[in-house]
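Both of the next two complexes hold chain A, though its partner changes from chain B to chain C.
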Partner chain A sequence: MGIFSKLQEKIKSAIPRSVIRDLSEVLKSEQIVLDQAGLQAFETDALTAIQVLPFVVVMPESTDDVAAIAKISHKYDVPMVPRGAGTSLAGGAIPLSNAIVVCLSRMNKILDIDLMNRSAKVQAGVTNLAISAAVDRDGFFYAPDPSSQLSCTIAGNIAMNSGGAHCLKYGVTTHNILGVKLVTAEGKILEFGGSFLDPAGYDFLSLIVGSEGGLGIVTEATVMLRAKPEGARPLLLGFESHEQAGDCVAAIIGKGYLPVAIEFMDKPAIKACEEHARAGYPLDVEALLIIEFEGADEEIDASFQQILRIASEFKPVHKRIAGTAEEAEAIWLGRKSAFGAIGRISEYLCMDGVIPLSKLSHVLSKITEICNSYKFQVSNIFHAGDGNLHPLILYDANRTGEFQRVEKCGAEILELCVMAGGCITGEHGVGLEKRDLMSLQFSETDLINQMRVKLLFDPNWVLNPDKVFPLELAETFRRDESSSSDGETA
Partner chain B sequence: MQDMLTPLVDRDLKDMILDAKDKGTSLEILGHGTKRMIGRYSEKNAPLTMRRFSEVTLYEPSELVLSARAGTPIAEVERELKGYGQHLPFEYLDFSKLFETEPGYGTIGALFATNFSGSRRLLKGSARDHLIGVKAINGRGESFSSGGRVMKNVAGYDLTKLMANSWGTLAVMTEVTIKLLPTPPSECTLFLYGLEEDIALEALRSAIATPFEVSGAVHLNRNHAFPCLEGVTYVQDKAVTAIRLENTPKSLAYRSEKIRELLSAFGELFYIDEPESKLFWQNMRQLAFLVNREDAIWRVSTSPHRAFQSARQIKKLVDSQISYDWGGGLLWISTRGVADMGSSDIRRIIAQAGGHATLIYPGEDANQPVSPFHPLDPAHMQLTKGLKTMFDPAGVLNPGRMYDGV
Partner chain C sequence: MKTEFTKRQLRNSDTQLANDILRRCVHCGLCTATCSSYVVLGDERDSPRGRIYMIKEMLETGAAPDQSLTTHMDRCLTCLSCMTTCPSGVDYMHLSDLARKEIETRGHRPLKQRFIRRLLSETLPYPKRLSLSLTLGSLARPFRSLIAKMGFKEIVAMLELLPKRAKRTAEFKGGGIARPRGPQLKRVLLMTGCAQKVIRPAINDASIRLMARQGIEVVISKDAGCCGAMDQHMGREKEAIDHAMRNFKAWQALEDDDPIDGIVMNASGCGTSVKDYDHLLSKQKGIAEEVKKFTDKVFDISEFLIDYDLRTTEQWTDLKIAVHMPCSMMHGQRLTHQPFELLQNAGFTVMALDEPHICCGSAGTYNILQPEIATSLGTRKAEHIKRVKPDIVATGNLGCLTQMSHHSDTPVVHFVELLDWAYGGPCPEGVEHLQHRVDRLKTAETGH
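What follows is the complex of A and B.
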């Protein structure tokens, strides 16, 4: 059964009109979206194949607004689906037809920049790039850099524990958040962490980051700022085989070099990006590595010389050093526009599996085999330094049943990643898309231990309730928990 | 003295947990016991050591990843890493000098369970940040795993990092998987002597704000400085402000010169090369500055911005010596002859500034019990107790180790 049909099954009776009445009492009318055309803007996210028209969308402007909304949700036992900019590739922000969609995009203020403390306090609807832009002149930046950083929000980044090309050096969101303000399912406002390192007691921040809006709605965050490097430039290396490129990455890391990013593209991806962005990528290679170093010019050049020496063993057929900031920008523009470039050719499903680097060539040839068996084309883009694969499976969205087939193909790829010792998602999150694939990676007990955490924060299971956990398992779990607590009460 | 339980495999551990659960008793979860002096102690808990869970189960240098059973000695892990020029980048604290235990002991599981990161935490993150996978058994006797052997993994809730700093109260880790980093090829340290605290913190802040990747930024007061400077040339009997850089020798030459120019107004900068630089930071990691047995010792995480003001207020009220790590974000406070070790004043002042204070050691003459961990407010305590109940409803695992009733 596909995700969509399962969703349809979930739709319950309509929300009482009194919910709207109560919302109108705490919010201004322009903060409530009820009309069909307005609601349509929220019916999907970046997993566009699935669309569900929400019942109502609210646009809070403060933490107090969110708390008031949560109290109404709690009063009527109506689910809430939190939403940042709606850029989730995993369907993390896709509505439920009986839910209040809580869209944080109006909470986009930077509240405090504390350079002495190397931190910034922001409302959660601020975009990722807006933070770096605000501190750029002072020589700082916010490190996680998802491809959607121009539009995605910190709220969404926290929900999905987002990464990016440069997290090989700087880590993902969980390594860069110092504190959050969270509104609970019942409408209480809690703070975790602050403007200091390593909070006291249990590490609730580690649970909240990556919980996909299932534990509460994050309304403010204190993020870590880092000093900007003097410069950064990439080196391009083209290879005749995936294996050579993969082995080259392993050798670079094994010999003690840790570039700030190592990106891998296969031939179809190179071609699409080059046609789109004219980045000067070679078209006659099977695999391309973009390897970036930071530092002063002389330091970067010295690192490049070391990398070229290591790479020579793997016989690269194309070598190009970005000598200027403009060249560097062009190379990154190609990579960063990869999804858009491939999107011009066809609809695609973007996978996000992670594998141990040593399994790269085996996994890539298996991916091609799997996609061939479904008669789908595939392009592979890959954060090679940390093993995060993004196979983009191209399919025809207009053909009936194609989405279900491409989902199945994707599931096989993710199963392959897990079998290789990896995982089903490295940076996009589980959302709706991979909810039913969680059992590939986790045992039932593993998932029950995670769901107990959700139950602690969200006893009525109203926060983004249909995401992350396989539906049937979640339902069984809740039934068992409620009967055991009934037993205890009796 | 109760007999020590010594499980060898998961099955043993599970049986011991279930047995305790059935009998309504509880367990004290230990590695080598090197941090047993820290935190609360209950003699009701039957001691169980994980030391026989000892094996490096996976090491892939080209993927910067290592897995080890939880009782594996840290020393053994580091021996493996050394052969490939890699290390545990968070510079975990070594309490052996402070507690007069055998040096070189400590298990990898306890290192993560307690999450004590040292000076390099400023640049490279904490122990918690480098824990990417765990296998564990909770207080219900359930085996579960979280994370894995790949360094990016956002599937499901992150129970891996939750295990860090949970002091064995939620589950007993049986295996950990760690993200490693290459050991920097060389290092140097710049010393400034005799700066006033506020000036020193300003110097540290300026250095950290440069693009030169400062990997250590400490200011030790005169009394704390002396033991750390053993073996270092150019020693002056004054407070020391130290800035560490780690990189290739060529980069170090360039970067240290840039920092020297930037900080020239703060005073004369002394360039400390290897091996003396390494010796100084090893002394820091071993807390060589905190060896007076009479003193109570506090470790305080706070906002660097407010560190100086907080320290000044504390010193006004409590007879204390204060030094700074993490560019001011971490305070080491030693107090002497104060009834509650300074607890009420220190914690009140730090809570106002943002942060928390852990009593690492109450001093030889301690006569008043003080909560070692910073007390939580009611809302956080409720969640803490709730989480404990989810993982360990019968209170089998280290009950009371962190807080009363947890």
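What follows is the complex of A and C.
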């Protein structure tokens, strides 16, 4: 090893030490995780197949803490990976070995509730459901409801532009966020939007929502609250085939009906969810639809009659309307726990493709074909109303090479979605999992232009790097950019 | 979740069990939100998922448990809220038992911690020693600040939790049989616990009167004692097994006399442990079947009484009772509605608390060993109580009763005390000032 590279090594190993020293100056010791066992608890998220040990994890308690951390990251040119509750299925919160993990879980306070203006201001580490819980007694709720809403943070929802079962009617995260406060890569504090619907000027807020922690670290959010409906009840429809269920969904939407939610579960999912939630799902059907309507009782009943009329063409073999609030609650508990419940059967890789509804039954049978060709079992649980598919490919994580095979199988499914006129992610985001598949969706020029936007916010490329964009393309892009900017200064 | 155990490691039955549990976890993180320590601390390492992950690493590498794992396991309340939440059915209870055993046998604890844990293990489960230490404790109370300065915050926490005045002595002492006055319909064994006998004997008295009045013969074995839960939660498996074996033998002796219809528990923390004896004693040779026969008929008293046609009460009252469900009932035994229904049927107005799934901070010896976190949780629970403004809080476990009495101004009693009162027994200790709000419609008999 030459003197120069030795020196380089020395400088490299000195950086983490200085970073940690600086961090300890701005944070309390219990806000910093350094020990091996503790760091391991942060090495992955809900995409458990991939683990990377970070060198430090910090748990800020305020926007100022985050700004101070960002300044240190900027000073030493050390990347930051923001993390909420670590529930990303796309690996959005998986660390990098040389990164500071900025975990927002301690920033879990509700700062202000403004019922007059139907908005709430919260710290970014507040869980999705905690917002609804805080205003429940007053008759309000926060609409987007990812299945992990019990534990996922609003910061993560903003990063991934999360959806959920009831987004069919209420829209996804971006339609329900009024403003954010964020810390930039250099440690500056910026605010976008406000507590009103449509801010003046360019809509930067919509750019932030869904940026996967690549443009800044969101520390506070102002969210839209909605009045709770008079009532809500789900209808269960069971079918003998996936295709019949799929066609039924397309017919309902095609005829212009807008239930709050249309959810699809197949046989393995029904069984696993029933074990957890005891919701009384029919166990002998191949596919089950949960269709929910809101409003006054008469309104719901009338809607159900219309849906049943449309559905009769597809020969449902099971029909049940939830009679009580408890029944409805159990039906939703089962659906929302579906991904975890599948854990009773097997490990899985969860896909997140979107397709036009008219292609639903065709795509569903193709997915089974693809999985069969890999000899993987597949379970489908998804938001059928907006064509957001979640095939869970079941595999044995302890068998060597299986994860690589399951990834390939997943890529084929997503390619199928793109070919059908859809896209590779509905609500989970790109993260680490689908970065290379972005080239299926976008041309190189598209991707380069997207990266230019990131560069404007994050010139040193330190915010959740290695995510979203194909790794090789991103490296080439950054090399080209730095040589051209060197050229400009020369 | 993927695990990396060698075939040799998996030959160990504990490791095999851990592997089966870990494979079920998909690391989805739902458990974090309902974890009593995570809601207070906001740290992945203090969540079930974080702990499961750290336990996995420790078991896979075979390394001795380090300080970090010990700290974060110690902060777990074993409320088992995570198990109610977990859609994958991850058996956190048995995994955490294994981890605690590892920590106790292979980890290192500072001398002071070892001393305090030993002290608890050697006093709390033994009524005579506990009585003596209560007397010593009341003498030591004035010196709390001095003890705190010496660094024994656990001892101070213990002194704070002690009953401030002497309790009534038990009406029913030792072993024996309480026979119903009328026809005998059932015969049950009541486990009277250890600390409960000393700290609030009225709970056992009320349980006996309540059941005897309903035609249930109540047997108390003088040989049965502590259930072993406290030792088990401190990782002292051997001591826990000793306690369990002693109880098992006591039951055998009783069953030889005359068959029993049920083993009734009135401290839900103990109930959770006793219901799990078939697992705890699974390595004891030749008794598995018989243990299972017993554990199958262990019931919380609310669970036993709910299937029972309690007679109508002879009183009218407007008292509002907030029910605090102990975690051991809600999560450990998955009992959700029984105390609510029983109290309602007995004529009380019953209310639920917000965040019912979060622990009050008692958790066995937790409020002694982790006083700061226990205080945060106790205060949080007290705020929920304040919001619904009940006259009385009812619970089903002595630990919760002590913890909430310490943090809340509202009197806290065991629900059996209220039921006994409603069906003709005396007014529970601590709520005498509310007696005027109960109208007895006719004089009820006290049949024991």
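Throughout what follows, the second predicted complex is superposed on the first by the 472 of 490 C-alpha atoms of A that agree within 3 Å, B and C clash if a C-alpha of one lies under 4 Å from a C-alpha of the other, contacts with A are read in each partner's own complex, and residues count from 1 in each chain.
As a convention for this text, a contact is a pair of C-beta atoms (placed from the backbone, for glycine too) under 8 Å apart; a residue touches a chain by one contact, two chains touch by 3 or more.
All figures in this text were calculated on a predicted structure; none of them were measured in a lab.
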Contacts of A:V468 with chain B and chain C, given as first, second, both or neither: first
Partner chain(s) touched by A:L190 [first = chain B, second = chain C, both, neither]: first
Partner chain(s) touched by A:R335 [first = chain B, second = chain C, both, neither]: neither
Chain B versus chain C as contact partner of A:G163, first or second or both or neither: first
Partner chain(s) touched by A:H242 [first = chain B, second = chain C, both, neither]: neither
Which superposed partner A:R344 touches (first chain B, second chain C, both, neither): second
When both partners are placed on the shared chain, which of chain B and chain C touches more of chain A: B
Which of chain B and chain C A:K121 touches, first, second, both or neither: neither
Intersection of chain A interface sets (partners chain B, chain C): none
Residue numbers on chain A that touch chain B, as the complex places them: 114-118, 139-140, 160-161, 163, 167, 171-172, 174-175, 188, 190, 194-204, 206-207, 209-211, 214, 227-230, 250-251, 253-254, 256-258, 294-296, 298-299, 302, 354-358, 383, 386-388, 421-430, 434, 438, 441-443, 445-450, 452-457, 468
List of chain B residues in touch with chain A within their complex: 60-65, 84-86, 115, 117, 121, 125-126, 128-129, 138, 142-146, 148-162, 164-166, 170, 181-183, 185, 205, 208-211, 213, 248, 250-251, 254, 301-305, 326, 329-330, 354-356, 358, 373-374, 376, 379-380, 383-384, 386-387, 390-391, 402-403
Footprint of chain A on chain C - complex, ascending: 1-3, 23-34, 38, 41-45, 49-50, 53-54, 57-58, 66-69, 72, 85-90
Of all residues in chain A, those that touch chain C in their complex: 33, 35-38, 40-42, 44-46, 48-49, 59, 85-87, 103, 105-106, 108, 125, 127, 129, 148, 150-152, 273, 275-276, 337-344, 347-348, 397-398
